[in-house]
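Next up: the structures, one after another.
The following pair of complexes shares a single chain, chain A, combined with chain B in the former and chain C in the latter.
Now for the complex of A and B:
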């Protein structure tokens, strides 16, 4: 099986802090990481390969520093990695990104052979649109499912997948090739191994770089030009007005009484409490 | 604005924005139910349609769904387009998407809104891409640029810390989704009338994929989305036993237990209780945040909640500037005391409420 896994190199949004003086976002010096939600997708691809053989190819469209992310994927055991990078790809929205990624999959097929499965993470932590898998599936015209928790290879070019919606667990049988989005907590990703890292380092061909001279896409379809959506402006998230009363109680009983008194003073909460305690 | 076809990606059909009219809301109806998150989108749809001076149209696709058309009108749609076809009995993303795409090609709506349920998040980008249109996920508000008539799709990227205003100046339809519970369902107007249009679409069956089974997940109570009282716990609980305590409080108040992501990650509580950006959005009247620090990604899930009561041991915790009533202290002491106080109150009856006034 040849499995391609899409990953993204993202700013670690968990590390974002507000400047206490100005109340604005400190974005300088935020370290980048592999989108944590892509790690279960990598893990899923590796387990399938380990079970049935074949190769796993990690790919990302990103500026050159993202090679660090591909190295991490190689360290986890991915066989090959592709950095898709070009100035003309910059400023892409999800439509233009998915166009490049889908064309990269086609090039993978020309270079290395048929791709059976493309897996993606559930969503990125910086934009979290969850668009890319569906859009790539649309360009390729392959079947796809989202929120996949488990995959079983059936042989004869078919797989069985389990996916979880809000209130249902569903099981599908899918004819390959297909595109899947892997649920955030589907599997625990394996750590990077020194052996895999060294193996990747010794083999110079494990990371290839493709620009638009390789992909040969119409510049009108990629980057900012190929993006129907534009960001008109951004602002800091407006605050929700809250009362912000803070109380340091003398003892737990005092705390409990303060909370109940606040509920009783607030007409809506008082009504709610009466209903909940006495059903009236 | 006139679109110059020469400058456009040749993969896209060249169309002028003024060819497109009306605001569509994709309505989910499965297994005999109409999904509330899709009715909630009628609130945003109404706002945009009024600002554009266009009609609000519900799009109802499925099998044995025609009966819901009136319901959509009563909740504010001017028209409903229905495709009721046995080929749509089982939901497959590509099959549903192709039906909606062919309707969109015929009617040319200027806007398509869809709920960002898991199915919606699966379906909407596929539809957008097939139409080669722009799409904006998880919007928290919509507006219209008066001068250009472009819809502004407002969403929080970057882990909910920023709000971005997205426009789609050259392409139509403009497609957007919003998470469940970000908007209310428009009030039902029993007398409201509207036109229902039945469409026949050539349904292309899914030949690469087959649903083998579907099991309803058994979940004890009302989901967090519908609860009036939510008692949420975070990493500050320190252990799964902490949640037992919160359960007692929730039970007393006929509420539901919720959680932060870190509590779910720790394995102390089920994933479907997670509230926030990657969890669910809630609109409870009362929300307890116990041992939760108040990260932006958690708080975005409680924007629509009524009053927030926070208990945190750290006086500097950001939650205190984002809640209504904050108590500094150890939850292990405060929650049992609160439970005891409420139990006593319950026994004493409503009259006992008087003694809490102006303390």
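Now for the complex of A and C:
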């Protein structure tokens, strides 16, 4: 099986500070990481490969520093990695991003052979639209299932996928090739290993870089130009200042009353919360 | 080459010491693997800010032209502060001896040099164990993977968990180490030059003592970078922990650094600057006492901080040039050993001999008694108070200025210390600095 896994290089939002004046995230100087929700997708791909053989290819569209993210995927045991990077891809919305990614999958098929499965994370921590997997599936015209918890390879060109929702579990049998979104925390990702890192380092072709001179996409369909999304309105979410108070009643109902009274009585806090929750 | 093939040398830790060794050995044609747990070489580094250039030039003659040098130190300042009063001495240097930079940048450059020379650097991998069999080092282990080599260089820095496991060193003693906490304040280069009276590319190194450490042993530092200022405090852990237990040190060290940043005597120097970074790291207080029982064993050499090679003079910390020099000596010893039949215990003995003959060891010995000063609260409490009080008598006289000696004797009396004790203590310390 040839499995491609899409990962995104994101600012570590836990380390991101908020600029109260402009209402935007201060991304400068914030270390980036592989979107944590992509790690279960990598793990899923590796388990499938380990079970049935084949190869796993990690790919990302991102600026060059994201090569560190691909190195992490390689360290976990991915066989090869593709960095899709070009100035013309910058400023992309989800449509333009998924267009490039879908075309990259087609190029993977031309270069390395048929792709059976493309797996993605459920969503990202910095934008969390969860658009990308579904859009890539649409461009490729492949079936798509998301919130996937488990996959079994049936052997006749089909797989069974288990999808777990809040109060029921669904099972689908789908034909390959397919696109899957793997549920957050579906699997515990394996740690990076020395051998895998070393193998990637010793073999110069494990990471390839594709720009638009390789993908040859119409510049009007990629990057900012290919992005029809407009930001209609942004609501500035004020940061609620933290105040520490400890109240330990015997009866939890007293705790609930206490919290509610806190909110109701403190006018400033009330306004802030209303603004934070409903935008004013 | 594949992952299970053997390397000539594995270096643990891509700090200054590891990079220097790896560079020289790769340049000499050896197959070198460097393993670093941080993301990218240098990412785990934090220091004050000043590197002595000459020892580094011996490894990289192209240093002045190529290395990420921020400013050449042209001024050294020393200040004693107590309350709102301060006494400052400045020295203007006559030549380029040391430069300021971020250690992260400098180490990154050193690592690229090593890579360009052919060393393989694998980052984000932690070595868990140095593998030894029948007294001979065979390689290193990380997770479930073992990589083999003819020799291993341990350049893991001050927190030497691997050497501890090998039984070559004891657990760190709080009296032998110190904690450094620093902030980086970003400021326009023109403002830096104006406020510190520096030319373009000129830098300043500043050592501060007094109540910035609340009278505890240790001190503060200020270094000017290209477009930022690094400030911080270094506190020996033993006395600081005792002060905390006794309730004398109530705050977190970072709030002492904050108070230092907001100190009226200094704060205008970085007015309008943004704090862009802060961090802390352990450093060595008493290098000689940290030296492993042996610097070598069959197939192993210990370099840099891991070997205790840091010279703490009481007013400067020199660990980078000594780390680089020890890395260089280790590389030379290994090359000789390989030419003489291999890195056996017998053949690697020359490393320890080289170290003992080098300036590192002489410097360590020379400054080793500084520990007596650092552990004596007198130098951090009474002495600065007497000095500041004496200065205040000289400079804050409304009508009559006392003679120098009178101001000193009066200050001592008012601070309730005998002048003889001061003279005796100073006489002893002068010999130790």
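Methods note: the second predicted complex is superposed on the first by the 220 of 280 C-alpha atoms of A that agree within 3 Å, B and C clash if a C-alpha of one lies under 4 Å from a C-alpha of the other, contacts with A are read in each partner's own complex, and residues count from 1 in each chain.
Basically, a residue touches a chain if its C-beta (ideal position, glycine included) is under 8 Å from a C-beta of that chain, and two chains touch if they have at least 3 such contacts.
Everything quoted here is computed from the prediction, not taken from an experiment.
Touched residues of chain A were counted for both chain B and chain C, and B has more of them. Judged by the touch definition given at the top, the superposed model places A:126 against chain B, while chain C stays out of reach. Touch criterion met: A:194 reaches chain C, while chain B stays clear of it.
In the overlay built on the shared chain, the residue A:202 is in contact with chain C alone; chain B does not reach it. Residue ranges of chain B in contact with chain A, taken from their complex: 7-12, 93-94, 97, 117-119, 121-126, 128-130, 132-138, 145, 152-153, 156-171, 206-217, 219, 228-229, 252-255, 271-272, 277-278, 285-286, 296, 299-300, 303, 306-309, 311, 315, 320-329, 333-334, 336-338, 340-342, 345-346, 349-350, 353, 356-359.
On the side of chain A, the complex with chain C involves touching residues 29, 31, 68, 71-72, 75, 191-195, 197-199, 201-202. The touching residues of chain A, counted against chain B in their complex, run 11, 13-14, 16, 25, 93-95, 98-99, 123, 125-135, 137-139, 142-147, 160, 164-175, 178, 181, 184-185, 218, 220-221, 225-240, 242-249, 252-253, 255-266, 268-270, 272-274, 276-278, 280. On the side of chain C, the complex with chain A involves touching residues 1-4, 33, 35, 39-40, 120-125, 142-145, 147, 276-277.
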